[in-house]
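The block underneath contains the structure these notes are about, expressed in structure tokens.
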Amino acid sequence: MSTLEIDRVRKTYGNLEVLKEVSISIGTGDFLVLLGPSGCGKSTLLNMIAGLENISGGEVRIAGKIVNELSPKDRDIAMVFQSYALYPTMTVRQNIEFGMKIRGVPPAQRDKAVRAAADLLQIIHLLDRKPSQLSGGQRQRVAMGRAIVREPKLFLFDEPLSNLDAKLRVDMRTEIKRLHARLGTTIVYVTHDQIEAMTLATRVAVMKGGVVQQLDDPQTVYDRPANVYVAKFVGSPSMNIIPGKIEVEGGSATAVIDMANRQAVRIPGIHLSSQAASKYAGRKVLIGIRPEMFSVGNGQAQGAISIEVDVVEPTGADTLAVFQLGGVEVTARLPPKQVNARASATLAVDRSKVVLFDPDSEELIN
Amino acid sequence: EGTIEVLHHWVSQSEVDALNVIRKDLESKGFQWKDSAVGGMSGANAQQALRSRLTSGDPPGAMQFLGWEGPQWAEQGVVRDLNDLAEDGGWREALPPQLLTFVTSGDAFIAAPINMHRQNWVWANKKIFDEAGIAVPKTWADLIAAGKKLKEKGITPVAMGDEPWQIGIIFDALLSDLYGPEFYRKVAIDLDPAALNSAEMVKVFDTLREVRGLVDDNFVGRDWAVATGLVINGEAAMQFMGDWAKGEFLAKGLKPNADFYCFATPAKVPTFQYVIDSFGMFTVKDETVQNAQVALAETIMDPAVQKGFNLIKGSIPARTDVSVDDFDDCAKLGFNERAEAIKAGSMLGAMTHGFAAKPEFASVFGDVAAQFFVGNMSSDDAVKMLVEGIDNAR
Amino acid sequence: MANALAQHKPIDEALPRKTRIRFGRLLIYGPLCAMAALYLMPLWVMVVTSLKPLDEIYSGSFIGLPQTITLDAWRAAWSEACIGTECTGLKPYFANSLLMVIPAVVLSTGIGAINGYILTKWRFPGANLVFGLLLFGCFLPYQAILIPMARTLGLLGLAGSIPGLVFVHVAYGICFTTLFFRNFFVSLPDELTKAAMVDGAGFFRIFWSVILPTSIPIIVVSCIWQFTQIWNDFLFGVSFTSGGNSPMTVALNNIVNVTTGRKQYNVDMAAAMIAAIPTLLVYIVAGRYFVRGLTAGAVKG
Amino acid sequence: MNAAKSFSSRLAGWLPRIVVAPSLLVVIVTVYLFILWTGVISFTSSRFVPVYDFAGLEQYVRLWATPRWHTAVANLFIFSALFLFLSTGIGLLMAILLDQNIRAEGFLRAVYLYPMALSFIVTGTAWKWIMNPGLGIQKVINELGWTSFTFDWITDPNMAIYTVVIAGVWQSSGFAMAIFLAGLRGIDNSVIKAAQIEGAGLPLIYRQIIIPMLRPAMLSVIVLLSYIAIKSFDLVLALTNAGPGSATELPSTFMFSATFRRNQMGVGAASAVMMLMTVAAIIVPYLYSELRERNNG
Amino acid sequence: MSTLEIDRVRKTYGNLEVLKEVSISIGTGDFLVLLGPSGCGKSTLLNMIAGLENISGGEVRIAGKIVNELSPKDRDIAMVFQSYALYPTMTVRQNIEFGMKIRGVPPAQRDKAVRAAADLLQIIHLLDRKPSQLSGGQRQRVAMGRAIVREPKLFLFDEPLSNLDAKLRVDMRTEIKRLHARLGTTIVYVTHDQIEAMTLATRVAVMKGGVVQQLDDPQTVYDRPANVYVAKFVGSPSMNIIPGKIEVEGGSATAVIDMANRQAVRIPGIHLSSQAASKYAGRKVLIGIRPEMFSVGNGQAQGAISIEVDVVEPTGADTLAVFQLGGVEVTARLPPKQVNARASATLAVDRSKVVLFDPDSEELIN
């Protein structure tokens, strides 16, 4: 249980700068999720926290102590590797109990812990197999088991559930959450799964090209993304970013989206601070609308949008409708079977959630 | 006219120089000499090569033989009969009769002997002998007493290495010197169980043990020539070694009887323990090779060649009819003592170099003597071991 | 980089850490260097001896530094020493040895590699038995089989020739090379072969394009071993060749192995070192390919 | 068409077998047929050249009645055990140390390997001098002032075999190092990283993770070193010439001298058969367990 | 382009039976998605189709020809391995073009194909790197690239997108769909991702423990799962299975859920065939309701359910509400901020989609 401070950490491979002055700091018991596109440096950062990669610059502090020079074994961390990194010569059981053995945990206790973890991970029947005899997901669960039997200062998880089926994933997610609640251990967790990030994190760091774009609690990241990049990256299907402009009338802002050959769409009642209102009044902005902010509306309501649906994509629970708005392709998530392809429809927008971005800096307008 | 491949194990400088006398003579007759030297292991490497060559059906034209090798190959029917040449050249008459055992097989003459070494020499540093007031010993008792005296003065009495054949030289000498040539024949040639198991045998080992007392402790792994060097330097007084050691003294410009002594191992009747090298010819189809074989055999038996060869090699010619002029004093002494030994019946094949018992037995002697010498086995045990070993090999 | 780090932290904290790291490195370099010194001891004796005149050695100076330094022994060993009655030094025999060693090493390593590949990636029923059979060949006492081998070579018409010697070395070499490669390949992930199969690569293509490139370290090991064994072999050389066909070791033996002659220690040592030069070159050149982690990142899990 | 396809695909299925077949054939002839020949000879009365009569177990009786052979067998066990243990241990240690990303790795590797390159016919002489109490280490140390120091194993028939071990380890451990190093270079680092994370120090990681992963390399090393141990010939001949006495006789030297020096080809063959049987008795069970393990691994 | 028939295929490892008489048959141009829990044998089945594992029993036919004995290279397939299996000594470029090289594609064409794939996969800048220098997701994309540059008879994808971020995943998904549309190649695809399965598949096979549970088009699998297992496995959060009983009155069926201490909940207007109606009238059944079939309703409407919300879990786009119904825990997916934890709410159920299962066999009641 401890704080983790990453202070202007840099990483270069030869000339290639993979992490550029990354600073993240979280408190004891925090659950940090790292989000970011493939190759942005998440695993590298995790490796550096673990002490498995040299730090090219900056400092990593665990519980306030600089650990730059501390060897991994002295950092008291547990980690699930993206590549599993199971010990090929050991059985599943030996793989899981190795860390405890090293720490001198008595056999009885070790055995109990292994059983408990294996039970949880549904790999009891695999305990005597070698990793080469396991399926991908089973290997991943063993890797997971290896981490969770320990009670370290810090857990590091690198996409620990990516090869599991949805059901198991949900179970595991719950277990991780429970583990976190029970031990209160600080956790750093890399995932690509939206829902994992949202349900597990107390803090989310969105990275891009070795730079942290936003560090906030998950709801904030989702609702008020710091910039267009974060907005588009978080959430699936991603947020629609539509060019438009702002009109301010008597303290109330209206977003206006020009339409090619029809009347402009107006979305009134946009929330805007008074500074922002005065700064952006009459200027161009980018309007951010998540697909689920659309709903099938009533043609008469204020701010209702009439559109022509291009494509309809059913996903089971919902249907995604794709249409043109303000010159860009926009996706709306709607209940199934309410709209049809190549037909017109009227949609409403939950205006309270619409966000605006500066068109030049692409930063959020507060 | 023809090429002959000669397989031999002469690889040291003096050996090669001597061999070149033969080679030059052969080449002057218009034949080519193809050299196949395989040194080491007292010729065992060459034997092994020969065996492979014969098995694969590709024997060399000629081969250097040591000890029983010639007769044994002859028994296999692979060696050419040189009887015609021997008749023409009067070889039988020219050679000491004892030696024929090793160059004939049945009626056939199967090898041409080139030289004769004497194995049982003692080489001594004259200055040390003189300073200590020691005369050339006449008996082993004298020799051992002299050695003890020298040892007290801080001089190593006997220089040698621990190789079995170096020990074997002393053992062979003791065997004939203490109880006479007959005893040697009974033990080393006839392998007579009674003689092997006799009290005399025990005494031989006892004496060997006394000689061991005259050797320094660093003798392990010492080369014979290094030991000779110790005698030359004055660090040691004597060495038991064949006449090839003479070259070391001469090379330093030392003179026999002036700077160093050469004398036979002490005995009532000095024995002459000989080692001969001979060349046998293999049966081959190629006629040019056959011609070359004849030429080579003739060259080897040419007295002039034998003289030239032995002047370099340090041994004396196998033929008894070669003049002794030009040879050094030690060689002359050898000539004389050989003549006496032939008459006295004390001309003996050196067991250690394979000229007495067949190899399987000779090596038992070698083993026992060596183990006895380097360890602390009792003489009785050594005799017992010897008897058992010989029986096992029969 | 290290400086940049040092600036960040207080000096009193940085110092002990630094020394601790030094100490750790010391624990690595210490034994390595001590071992190297021990290993070099005989070489030192040899070099020193080879530089001494023979008389100095025989006057009792075996291990000490030379009083006079001379390269005569090296010259003699290379081009003057007598190998039998031909006083050519080792020089001409190098060619024989090279003619023998290069094809033998290439063939035995190549065959061993492909055998290892089959025995791990294309296992068939009885593959382990085949491996066991090949392996047992490693323990054959060669002294015992010289005669049948000579007969076989005679029958094949290879007696006394360099190709015959190559054949013998390859025949016994594949036992070892197969062992090396098989044991290296078992730890290569099978997925690599599978992926290549799906890509449409056949038996040989997979071997050549996928397996061989990942096995550089073991190729090096195999070459080092085979080269050393074949280059230094005396037994087969002396048994299956003769005269001018002989490999270098037979010549070296003739320089060194004198019984009733006087040993020329300085020439012996120089000759031994000259004879070892090609092997040493192989060690140094091949050693560069002891590269790290050729399979790293190939698969996960 | 269809038949042709199936033929070619069946051919492809047989290809691996076809490719190993020549090797297997050569080995069956040059190893097993020749062993058979040796076995046959061991039951004949062959002395100087092979003869094909039947002499029953005579040569074996003779063999076992030869004290030298007893010495040779005893020495083989002492020598192999120590040699294997020390060479493997030192080789592994050096490989691990060399693998720590050090400077001058190439140089050190060459230093450890070079003894293999030198013919022992000559290096034996150097060792002889080094271990000779009057010339080598003992003399140097005595002269340095520690006069009570003795290192005279080479002169002591009871200890001389250990000098052979020393020289043998010096000569061969470098190659063990090379095999281990190649093995180490094939290991994926991520596994080591995982173990570090779990709190294992380097020694432990090596003991528990890496060395087990080196098992195949270990098999190579063990086979190879056993081969060297069993066949050590030059080593003994050059260093001690099987002496003092016959204190350092080994089966290989025994076999050679029986066959080529003593004209006891039958005894030589019998000793070869004994050696092979010993090897088989030790190696076959080991191989069996090793290969079976791998099969389902 | 070809059909694929898997006919009573079995696979055993020693005593372990991993696949038990699996039969699946798809037509030319079909896109088969294999779904199933981790370790159920999906990768094994894929390997057997590819010819990389021996077939212990049964037959695999590609384009009508038995391929059991055909070597992989002659099957003309392309495959993405779950474990990537990149060639470690080759660069990314060489990895991708290896298959083409072998097939003798001329360099210029190869180069073009590599560029195109790399572009698509956003790995242009990585072409000269070795796999060890790539991140997990980048490796996966290379593995993907290796497959898509070829035009085989059959594509096999084993969780090809599991390590990619949501955005890239959507792009890739679209690309795969496009690839499929363009080439018309038959595809077998393993995934854990609900959406991937639904959006890509023309056929979905749900497997469990080496047995195929259902083989159907995706919408059918989602709407009318063959049994409780499939119902629970497909969809996330999974379908709620609530014990209840059926009352039939005049051709119309009503599902009745007993509540512990309150009045039973009745859901009228359930669709049921007349046979089923007569068979199950008055009998116990399992009622399947997907979380998204709930909506915040109006207390007065017929079939409205009053519940007490236990837990609320926001996921960004929606909120999951957990409550008790019929003695089991039930999850509803609702728009954000419409219900609160530990408060009562009234929910409506989209009755047309409710499914019923036999309580003993757990099979779907048609």
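To keep things simple, chains are lettered A, B, C, D and E as they appear, and every chain counts its residues starting from 1.
Definition applied: a residue touches a chain if its C-beta (ideal position, glycine included) is under 8 Å from a C-beta of that chain, and two chains touch if they have at least 3 such contacts.
The structure displayed is predicted, hence computed values, not measured ones.
Student: To get from subunit B to subunit D along touching chains, fewest steps?
Tutor: Steps on the shortest route: 1.
Student: Please identify each chain that touches subunit A as well as subunit E.
Tutor: Output, common partners of subunit A and subunit E: C, D.
Student: Just the chain pair, please, that has the highest number of C-beta contacts.
Tutor: Looking at every pair of chains, the most contacts join C-D.
Student: With centres defined as the mean C-alpha position, give me the subunit C-subunit E separation in Å.
Tutor: Each chain reduced to its C-alpha mean, subunit C and subunit E end up 57 Å apart.
Student: Calculate how many whole Å lie between the centre of subunit A and the centre of subunit B, each centre taken as the average of the chain's C-alpha atoms.
Tutor: 94
Student: When the centre of a chain is set as the mean of its C-alpha atoms, what distance in Å lies between subunit B and subunit C?
Tutor: A distance of 40 Å separates the two centres.
Student: Which subunit D residues reach two or more other chains?
Tutor: 12, 129, 132, 135, 188, 190, 213, 256, 259-260
Student: Could you list the positions in subunit E whose residues touch two or more of the other chains?
Tutor: Where subunit E meets two or more other chains at a single residue, that happens at 71, 83, 133-134, 136.
Student: Multi-chain contacts only, two chains or more: what residues does subunit C have there?
Tutor: 147, 149, 187, 202, 253, 256-257, 293-297, 300-301
Student: Any two chains that touch count here, so list every such pair.
Tutor: A-C, A-D, A-E, B-C, B-D, C-D, C-E, D-E
Student: Across the complex, what residues on subunit C touch subunit E?
Tutor: Spelled out, the residues of subunit C in touch with subunit E are 189, 191-192, 194-202, 205, 209-210, 213-214, 293-301.
Student: In the complex, go through subunit C and note every residue touching subunit D.
Tutor: 28-29, 31-32, 35-36, 38-43, 45-46, 49, 62-63, 111, 114-115, 118-119, 122, 124, 128, 130-145, 147-149, 152, 168, 170-172, 174-176, 178-180, 182-184, 186-188, 202-203, 217-218, 220-221, 224-225, 228, 231-232, 234-235, 249, 252-253, 256-257, 265, 268-269, 271-273, 275-276, 279-280, 283-284, 287-288, 290-297
Student: Which residues of subunit C touch subunit A once you look at their complex with the stated criterion?
Tutor: Touching subunit A from subunit C are residues 1, 4-5, 8-9, 13, 17, 21, 187, 300-301.
Student: Hey, which residues of subunit A end up touching subunit D in the complex?
Tutor: Residue positions touching the partner: 47, 50-52, 71-74, 76-79, 81, 83, 85-90, 98-99, 102-103, 130, 132, 146, 150, 156.
Student: Applying the document's contact rule, which stretches of subunit A touch subunit E when the two form their complex?
Tutor: Touching subunit E: residues 13, 35-39, 42-44, 82-83, 133-138, 140-141, 158-159, 162-170, 192-195, 198-199, 218-219, 222, 232-238, 290-292, 313-318, 333, 335 of subunit A.
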